[in-house]
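Look for chain A in each of the two complexes below; its partner is chain B in the first and chain C in the second.
Let's turn to the complex of A and B:
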């Protein structure tokens, strides 16, 4: 520990529990590690760290702590705060809308998995075998991802027009089906939202898979070919096992993403028809900004904390998955 | 049997996976030669060279790829092509024959003109650009200086800060919605509302731990010997940052930049909450607001204009985009 090597002293910093860049630390360095850049650079270092500390302090760490307090307060007019303990949580849990929102969000996530999980995987495996103009394929797949979500939702809202001359109804009319009500139908509203969301997001997942396919060891394919393995066996026994880690990661990312779905239900249906597309995020938004701004802030933070606690579970799995995957 | 090309590739693919985080830009000379980051995939893939020689395999694969291409164009690009066509179609024709490939009553270029002038799409587009530019600047400043401190300067508090960044990495943005809103409306210490000010969008955008962490990981992989050499030559930490670290980090700066820009362009909820003055709102916030009061043709023209900039930007900076989104699954603690 008592060494002139700056990296070694850095290593011990964690175990010493250094928390703040206090004055004592500088003295410690001055006495023990007479390395020029550390001694003269303490202040410069702090200046470099300042943007990060200020921005994250004000807009990430402080609001994080604040949200815990807010969840136990009432804020009728944004100025006075009354401590109400766990009342907000009690209110939210007993709100008859909560089970509906949870069920709808789970339904959305489930449908998004059915539609959106296998498609990018199949597309990426096929695309990885393209020999010429592969960049063209991946660009095509990625373009919907850069379209602003507001534009894609409002565009698809046109497609879902319920009249006979709506875009989708016209197409279905060619094969003598429909017309369907789409967004105003209780059964079809949610699947309609999921289809749009899959269209808008699948490209990003394709690119993650493509990047992972680079890592598949070509020796394994060579060996399998020598052993006379068929194409399917190669896909099943080499490609898939090699992609397992990434598949878990995209699965978790997709669950975390879909659990927070807001824009689609907000712009497509405002939660309707008959609350069939009311999601947890939309409920949080309605608590906070729905009627009068401020009165429901406590409820909104209480519900978002519960959602965050639930998602933290998936984040932990994600961290473990990426760790084992990237250390392979 | 193994050509030198394959050997080189195999070696590099191993080093990619052993690095943990895939930052292809780290080997800069090779990246420059490549036209596309994903085009350097295995030559020996699922289909072996001997299989390739069989006509049935060639035809099968060719047909599959044709099918894939058609699917990508129809499903991926189709809605946007429809938008492009409808944007210059008279509103009545869109209503009556939404899928007609021809212009029954001529093209309505006036849609675009009306959208630009009467609906003031140009004005909102400028707002969007201003918001994106500021957010980009804040994000890049925080990410580069922060990554530099955590990776290169490494003061004693670096570990604590890194740990706190990791905590926020997976924090769903929703948890912060209300406290952040209060922070803007009634910030402590300052007591001056930032409502309707672009600072309300710019500053919180900087608190992206994802940016700081990929920046830190990129800096971690830069050769330490170079820093030592610069130090011995008398470069201080400031000089080291501007003259050595930043010039070596162009690939990752590109990735962070395109993502900062596009993320802000796509943003809706936050600017919608804190920018309530219609004159200051970006295009994505204005579009839902004008949806009800604008002719369909003109409205679709406005939507087309709103998505042309990011699409063209993507086509120009494709390489940075595709490289960066591969990172999405690769952050580790």
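Let's turn to the complex of A and C:
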């Protein structure tokens, strides 16, 4: 393989010079000037990369850099910006709403892990066992993902309507239960959000698991069948170990996703009742836009950076801790 | 082809005369021809009926006919506490928009509204504004917004549910004790919530709780300007208001099971016949017609019950029209002011415009005669109402308890500093009382006090 496809080190001036004196490639490195770069198609490459660079620069990198500066500025209105150092971070750390938001976010992540993590896995395993209409079931699982998230939430808002005419309350009314307050209940609001979120997002994870299941060697199952293994033992001893890598990725993606949950609490409850569904992202939003006279971008970016730092650290520790496991 | 000399002279004269005529017409047209200006203005609340939009379009056409150099584009709009600032920052608000009394002065002092002092002072009726009302749009001597409507908080009630519950729909409650008893009776007899209160996290929960507190004699702020203090913690009037809500919610179970209603959704619920009584501005009937197709027969309105002490008042509020700070073109700014004058102010001061406005409203089955409050003085208010009285199409008889009772009440403006933030700090308090039987009032008010005082200090 090495001889057929020389590596970069094989193409160094010394080695080529020694074997093929006089050829243009001998002085390849010395002649790599702007002119040669242009002649070798550098401009075309740049031209193709330019839209990407511009879009990322304008909409991704610039806002990130700007938010670092903004986190150290006071923005009492949308016109003046005053440098305040780390005051915004101090304000956010001492805000009594921060521990509430962190606790709620952790609670959402925990509930999502309990409900939302195993359901796609179980669904995918069951669907992979189904021999007929597998496409139909896949589509059925994926449809909620296709529905625009805002539409999903508005739909579920009708389901959760706390009055006797709400969809769930009407159904429960048939068996003489309720009406329940759902989103207006301090105990039920967060689980209600998690249930909708699981319904809306499970489909994507199901597809990932289904794709991974296709990669599992069917001979393993056949061998297990010959040995008389039950379905459960096949799932536990073959499917799960084979999916471990994918499961790790989906777990970390889910934790990062749930740590940034915003849409559901914003659209369903706006953080209520009594801040029981106030999440970190919603608190960031409230800092930035909660006041109708416009202030608090500094606080919002400060908390955003703190969240980003935490998630980066979490990802790093998690990846290091599980490196050996995932590479087994 | 040859022409003789006289023909050539005639031809030359004709050509020369024609050119001169063209040049003359061009030069004479130049000074009168002005560039057409396009302005974007807010129209109606999204979701309003086609008839309501038809009425608005008719008014816009009347304006454009009178001002052929101005093109008006209407943009549906609803002021919401949590979307206004981002829209203003993103410059996605139309050039002309409305803001509540609570915000205009703060926005003006932040230069987030255009300075319209010079244009406003040219209006012939500028000096006739009710001084405390125009003050809502001024910072020092500078004018940033013009008042378009004022309201008093009112008790809206469903006359049909009153009748079903065995109550007299012509005798709405006049004390909080009566209100509580009526609410319980409505729930017991009809199964519908007798009294519902907005409790959403978009400041409306705090807004109505503050209305309750005012009606009992309390206030949520003291002092003024930089010496303003939040007065939430340990406030006995607030505790009294919370106890009242707690009793209706947990002892009487007369407040239903939906504690996430906001301004628009409570109107919907009421128009659908699912609410016995609720508190909101005296002018919400317009929205219930425009967006919720309310059956007029069920509608009743009365003054809010007030305690008998000297500080018990009815809280009032209102709306101002303003121009976005990013309208810097003088011609556009002048056109915006013309629109504000035509659309909002002329129907209040000009008989012909008032009648024209009322006629288009009636033609499109939109309400005329909804209870409002004087933007100018009471005399002008009564005069303007007399112009449009023949066109009243709302059930004024059913509004009699309010119309006869409200001018006997004392009215007071909303809290003066960081108003929406103070309301927001109270959102969680009212939510807690309605969703937690064992809510700790003192603890909740201490937390709200800190948040409100921080907002006041920052404003």
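Convention: the second predicted complex is superposed on the first by the 268 of 328 C-alpha atoms of A that agree within 3 Å, B and C clash if a C-alpha of one lies under 4 Å from a C-alpha of the other, contacts with A are read in each partner's own complex, and residues count from 1 in each chain.
In this section, a contact is a pair of C-beta atoms (placed from the backbone, for glycine too) under 8 Å apart; a residue touches a chain by one contact, two chains touch by 3 or more.
Note that this is a predicted model, so its numbers are computed, not measured.
With both complexes superposed, B is the one of chain B and chain C in contact with more chain A residues.
In the superposition on chain A, A:273 contacts chain C only, with no contact to chain B.
Applying the stated contact rule after C-alpha superposition, one finds that A:181 touches chain C and leaves chain B untouched.
By the touch criterion stated above, A:128 is placed in contact with chain B alone, chain C being left untouched. When the shared chain is aligned, chain C comes close enough to touch A:292, but chain B does not. With both structures placed on the common chain, the touch criterion links A:59 to chain B but leaves chain C unconnected. Residue contacts after overlaying the shared chain place A:165 against chain B and chain C alike.
According to the touch criterion, the shared surface of chain A, contacted by chain B in one complex and chain C in the other, consists of residues 78-79, 161, 165, 288-289.
Chain contact summary for the complex, chain A toward chain C: residues 76-79, 96-97, 161-165, 169, 179-181, 183-186, 269-275, 286, 288-295. By the touch criterion given at the top, residues 6, 9-10, 13-14, 16-17, 20-22, 35-48, 50-51, 61, 64-65, 68-69, 72-73, 75-77, 79-80, 82-83, 86, 95-99, 138, 141-142, 145-146, 148-149, 153-161, 164-165, 168, 170-183, 185-187, 203-204, 206-207, 209, 212, 231, 236-238, 241, 262, 265-266, 268-269, 273, 283-285, 287-288, 291, 296, 300, 303, 306-307, 310-311, 313-315, 318, 321-322, 325-333 of chain B touch chain A in their complex.
By the touch criterion given at the top, residues 6-7, 9-10, 13-14, 16, 18-21, 25, 37, 40-42, 44-46, 48-53, 55-56, 58-64, 66-67, 70, 78-79, 123, 125-130, 134-135, 137-152, 154-156, 158-159, 161, 165-167, 170-171, 199, 203-204, 207-208, 210-219, 221-222, 225, 231, 234-235, 239, 246, 249-250, 253, 256, 259-260, 262-263, 267, 281, 284-285, 288-289, 297, 300-301, 304-305, 307-308, 311-312, 315, 318-319, 322-323, 325-328 of chain A touch chain B in their complex. Chain contact summary for the complex, chain C toward chain A: residues 79, 81-86, 88-89, 102-103, 106-107, 110-112, 191, 193, 199-203, 205, 256-260, 269, 274, 420-421, 424, 427-429, 431-432, 434-436, 439, 444, 447, 450-451, 455, 458-459.
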